[in-house]
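The structure appears right after this line, and notes come after that.
Chain naming follows the written order as A, B, C and D, and within any one chain the residues start at number 1.
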Amino acid sequence: MSTQTKRIAINFGGGYVPGLNAVITGAVLAANEIGWEVVGIRDGFDGLLFPDGYPDAGLVPLDREMVEHLAGASGSVLGTAARSDPFHVRTVNPENMVEEVDRSDELLQTLHSHKIDAVISVVGPGALSILWRLSRKGLKTVAVPKSVENDMAATSLSFGFDSALSFATETIDRARQAAESARTIGIIEVPGERTGWLALQSGMAVCADAILIPEIRYDLHKVAARLREKAKAGRSYALVVAAEGAAPVNGQAAPAAGRPPVDSLRASLSPGASGDEGAHVIERSGHVAERVALELQRLTNHETYPLVLGQLVRGGPPTAADRQLGLSYGAAAVRALQDNQSGVMVSFQPPDLKFMPLLETINKVRTVPADSVFVQVARALGISLGN
Amino acid sequence: MSTQTKRIAINFGGGYVPGLNAVITGAVLAANEIGWEVVGIRDGFDGLLFPDGYPDAGLVPLDREMVEHLAGASGSVLGTAARSDPFHVRTVNPENMVEEVDRSDELLQTLHSHKIDAVISVVGPGALSILWRLSRKGLKTVAVPKSVENDMAATSLSFGFDSALSFATETIDRARQAAESARTIGIIEVPGERTGWLALQSGMAVCADAILIPEIRYDLHKVAARLREKAKAGRSYALVVAAEGAAPVNGQAAPAAGRPPVDSLRASLSPGASGDEGAHVIERSGHVAERVALELQRLTNHETYPLVLGQLVRGGPPTAADRQLGLSYGAAAVRALQDNQSGVMVSFQPPDLKFMPLLETINKVRTVPADSVFVQVARALGISLGN
Amino acid sequence: MSTQTKRIAINFGGGYVPGLNAVITGAVLAANEIGWEVVGIRDGFDGLLFPDGYPDAGLVPLDREMVEHLAGASGSVLGTAARSDPFHVRTVNPENMVEEVDRSDELLQTLHSHKIDAVISVVGPGALSILWRLSRKGLKTVAVPKSVENDMAATSLSFGFDSALSFATETIDRARQAAESARTIGIIEVPGERTGWLALQSGMAVCADAILIPEIRYDLHKVAARLREKAKAGRSYALVVAAEGAAPVNGQAAPAAGRPPVDSLRASLSPGASGDEGAHVIERSGHVAERVALELQRLTNHETYPLVLGQLVRGGPPTAADRQLGLSYGAAAVRALQDNQSGVMVSFQPPDLKFMPLLETINKVRTVPADSVFVQVARALGISLGN
Amino acid sequence: MSTQTKRIAINFGGGYVPGLNAVITGAVLAANEIGWEVVGIRDGFDGLLFPDGYPDAGLVPLDREMVEHLAGASGSVLGTAARSDPFHVRTVNPENMVEEVDRSDELLQTLHSHKIDAVISVVGPGALSILWRLSRKGLKTVAVPKSVENDMAATSLSFGFDSALSFATETIDRARQAAESARTIGIIEVPGERTGWLALQSGMAVCADAILIPEIRYDLHKVAARLREKAKAGRSYALVVAAEGAAPVNGQAAPAAGRPPVDSLRASLSPGASGDEGAHVIERSGHVAERVALELQRLTNHETYPLVLGQLVRGGPPTAADRQLGLSYGAAAVRALQDNQSGVMVSFQPPDLKFMPLLETINKVRTVPADSVFVQVARALGISLGN
């Protein structure tokens, strides 16, 4: 055991994901057991970079009593920070111009002055590289992977995914009733900029008629043919589940920029994409649902309606499975530090929790393989995958 | 007790509302207790008007064993029929033209030929007048009020409302997390074309910053002023809940027609309005959220996002309160027939269930009074009502 | 408006009930709007009587930011105090003997020294009289009624009831599946020492075969006869819902004392009775389920199993309806103080919130009338009420 | 593809487990896609052995329309059969004596006469051997594993487990609030006769103070020491989660027989054990909670209360994960038959679905390894495992 590390910090990068609080609980309980203190940094690294903005100067002492009730609580006691990057901090310079400043050195000094020996960061795919760069500068750090899309290749399961799947499934069930009651074709868009896990698994759970994912280019003529077939057999409604990043066979994924104001408003229904990072791709959301709804209405001559679940599946309380995973990740991160590891990410490789060098985790996307059991089962159930 | 009535039918007019199945359970159990049979008519009156379209010829025998598990089940075992009006049935005539035909006489004869002595119809505000006209033609009939908007003046509580309130509250909680996480202003639109009960009560339950309802014309300058005040005090996000029918102080409710195709698609997110009837006003939904989001963004210079819950709150399983109410309404409808009443609607006037002549229930909207306790409490909590 | 009152306190007497936090939110937001401060007292009055036991000396400052997220949260941020009575505080005297001491004068002085002008107390039936006595001694006070049994006659709805009803209904649905799967008779005991509202309404919502309530003495021979009838018609299981205080026609309610250790353990499954007070009647719980299970097994020769829901329905998050009610009660309590009222309880008399003198609220039990609409509907549905 | 198999049957052995209906949906949709028919057998094999007891002669035609809404529905449309064993059918012989008869040959003939080519059986650990013996007699058969205890070694995940975990976690959260509010030690018993997965994972999710599982003999002196430690640090309540089969270090698991009538009633709170089979071990349930509650009360001199969740976690709707798993198992079972496999069980070996010979699956218990990641994490979090 390291005798140097005595006081560690925890923070959240990226947007909200169900189960954030459980990671805190896991880390604090595990740290307390070995006599360490834990403090939370508010809003990513903002609590340290802008302490004046906080009544508590941006740091929250975390003790057993405080965290014991947190594991199942929704929300985030430390805030979140989709845009907090200490290497690129937006500042107003003396000439009154906005510029980006690298405050990473200052951040490390501030951590040092607070006698914080190491930082556990709960991050999505986007913030991993920030953490890695801080790590290269000498910060002791352990990453915990979160993603409602389950798109990080370095772990078989990111926490937040099971909760997102659970709420998406429940909500699409409601959309099915609406579609059935109104005899329309419902097009439901769920998070998944780069991967289709959430669309595929929720779509299968509700026995959708078609599921469109980024990994398989879709041809709506084929989907429409399938729907017409079912309509002939008596079905008066249909349900299509699409990932944000689904794209047509002859075309591109939904556009990301240059849209008129109304659209950008609407699109922001879903404040994030690619797991949890979000802000930068906020403009994309909603486009797939609309595009598919328009074209399918044209092809089937049947009324369609689009529904975008983006933001809703990123909120809410964690499922039992995510509570467990969050607690385990938090405890494992402490163990990594105890074992003097740094610059690693906790990775679930069933049935074990392991540690992967951060560099090996960056920009590795966990896509749906063409021969995935979910793909096979979906096809066996007669669900069109758009091709 | 009437000795003539032996076999009665039940059907659903309008769109889906949580608790429909509970009314069936209540009616069938109560009818069985006094030795009556109950059959269900599929899809409003379509089961009788178009029997060839159904494998079971449009009628479903309903017995105790079948209905006992139904009280808490979501969905509708009899289908629904937002557009089913026997006085105006769309038909293709010999010249191959679509025309509307009055098939009400034929409907009464068909009921007679099936030895159906009376019909219990679960209806929203729109279908009440159809039922009344059938009743004037001699059909023995009892109406049961359903509405997720609770907008029927003739009863203090329509079933479906409590379930809608429950899901809307849970979902707006998620929208709050999204708004907080992304530091935006969330604008949530909920059903309520003519009345603001759902917006007011769900908005209060989540402590929204502003609630916009049809009964109070809103002035977004005042709302924006309130949000700026809170922003100064440190709040980085806000939440506005708006009813579909909310309208500005100098203007009209969101437009209902003449929109381009994309809009009509998007609008259909919410397949109904005015409680449950829906289809005819489908175009309105979504407009309020968008309009408010656009203007508030302009006024506050803070990012906003609109979210439309229309269709989702109309689905899903009933709450315990709605199960009770549905069962009670079903049982009371049978009692009305047993007491030889007809042309009446079951009405909850706490603590009693009473019967109101249909004529007195039609076109009576239950609006939020200016001195409603909910209005008072909302103001006391510091929630802006837009004025 | 009173200009004297500037700083008020809020506390909880009795046991946990869903929605406690919502009352805090309501009171704090309403108080802040008129410029008042609110502090919370921990664990009933213990925070003031035993300040040394608390890191924060027993008082919690409550501000807007803290309470905004609380309305829907389960648990109680101020603790609860089933046994906290300042007129009878258990103390060890100099002779090392336990004795009860009246510390009410001291309590008033302590409140005064903290510059607390008034106290809002969230209480069940038992603690009302304590509050009334403090009020007679000069304490400015407003009571807010809570009870999962809805047994307080002075209000038509105590908060906590709707949440209890919701969870009881969901859980009894599960018990039904268990009974059906194992072909047994399930006997489910729910809170209700003096009144049968919860048993009656949850029992009706699940279409139980029999419901036993304190207001109607039961005869198990009649219940058994009804079950045998249904068994003949093919039913292989049954469901009986019983209130804690249900009693046989020739006998007494389940005994309250003199039981062997094992039993007292088992009984404590349900840590409270009479709405929320609980501790003193803890021994009763579980007895009704067991007694009925034993006798029905003997009478029907069919396997039975008892299940006691006591403690579970007193926990958990509040429903939307209870959130609303808690918020409204909290806001109304502040308004009462603003209107210079004291020694009153907030009372919901639909559609209004009114204030009742405490003396008129004490020991008034809200029982189920023999002609209650719920009783009528239950009978109409063929549910045996045990007589 | 086999051209012989055209019409297959599906049935459920053992008790209810969430997700049963999803297996039907999966099997029927997959079978229909390849042109096969599916019928359901009621109540295990009872529908075929005792057809006169059923209005539909014990067989239910299953088509697409019927099953599409079933995947998320709670309950079981085919019933269940905890005691249905065609090799030992209880019969009254001519001398009016009850005897057990082997009706397996007759069963195979009946299947043949109904032109049923193969049977998909959804079974727990107990019924696997029955299926294997039928398979040896020539019946084409595929087993699907279900178990709320996840105790079948031949698959990494039995469906029903995730749903049980979800409800247990939510319910123990409520028990925590009750324990905290009443300042007692709550002892919660969950299913797990042979394995501690459910206790361990739900206990970890709620951050219990101690978790007792069959794999680790417990010493309550050590648990009490831990609780006293926490009490000194200020905790006024505690939470212990115990599996049904947990046993003391110097002693045996809770006794299984010879108890007085009251006890056997109480015990039947939990109608099953060992995953789903249950009936034969019904007497055990409840004993662990009581035993631990009694002894811990003696050792800590602190009030305890036992709570038995047995039956409740076996009911209710499936989680999204269990819906997926049930659908996948159903579809995979059809694929096995299509591939001319028989006498196999579908097994989830992430990320693949495979098929295991039935003989290799029987009596293989999936216990918690001493170095399980869950054990490690629980210890890291400071949770006592009783040793």
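By definition in this document, contacts are C-beta pairs under 8 Å (C-beta built on N, C-alpha and C of every residue); 3 or more make two chains touch, one makes a residue touch a chain.
Everything numeric here is computed off the predicted structure, so don't read it as measured data.
The set of chains in contact with chain A as well as chain B comprises C, D. Most remote from chain A, judged by the distance between CA-atom centroids, is C. Overlaying the C-alpha trace of chain C on that of chain D calls for a turn of 180°, given as a multiple of 5. Between chain C and chain D the centroid-to-centroid distance comes to 35 Å (mean Cα coordinates, whole Å). Chain B and chain C, compared by their mean Cα positions, are separated by 33 Å. In whole angstrom, the spacing between the mean C-alpha positions of chain A and chain C is 40.
Contact of a single residue of chain A with at least two other chains is seen at positions 75, 170, 173. Considering their complex, residues 15-16, 74-76, 80, 82, 167, 170-171, 173-178, 180-182, 184, 261-262, 265-266, 268-269, 271-272, 278-279, 290, 293-294, 297, 303-307, 311-312, 314-316 of chain D touch chain C. Residue ranges of chain B in contact with chain D, taken from their complex: 69, 73, 75.
Chain contact summary for the complex, chain A toward chain D: residues 25-26, 29-30, 32-33, 64-65, 68, 71-72, 156, 162, 165-166, 168-170, 173, 201-202, 204-207, 233-234, 319-321, 323-324, 327-328, 331-332, 334-335, 350-353, 372-374, 377, 380-382.
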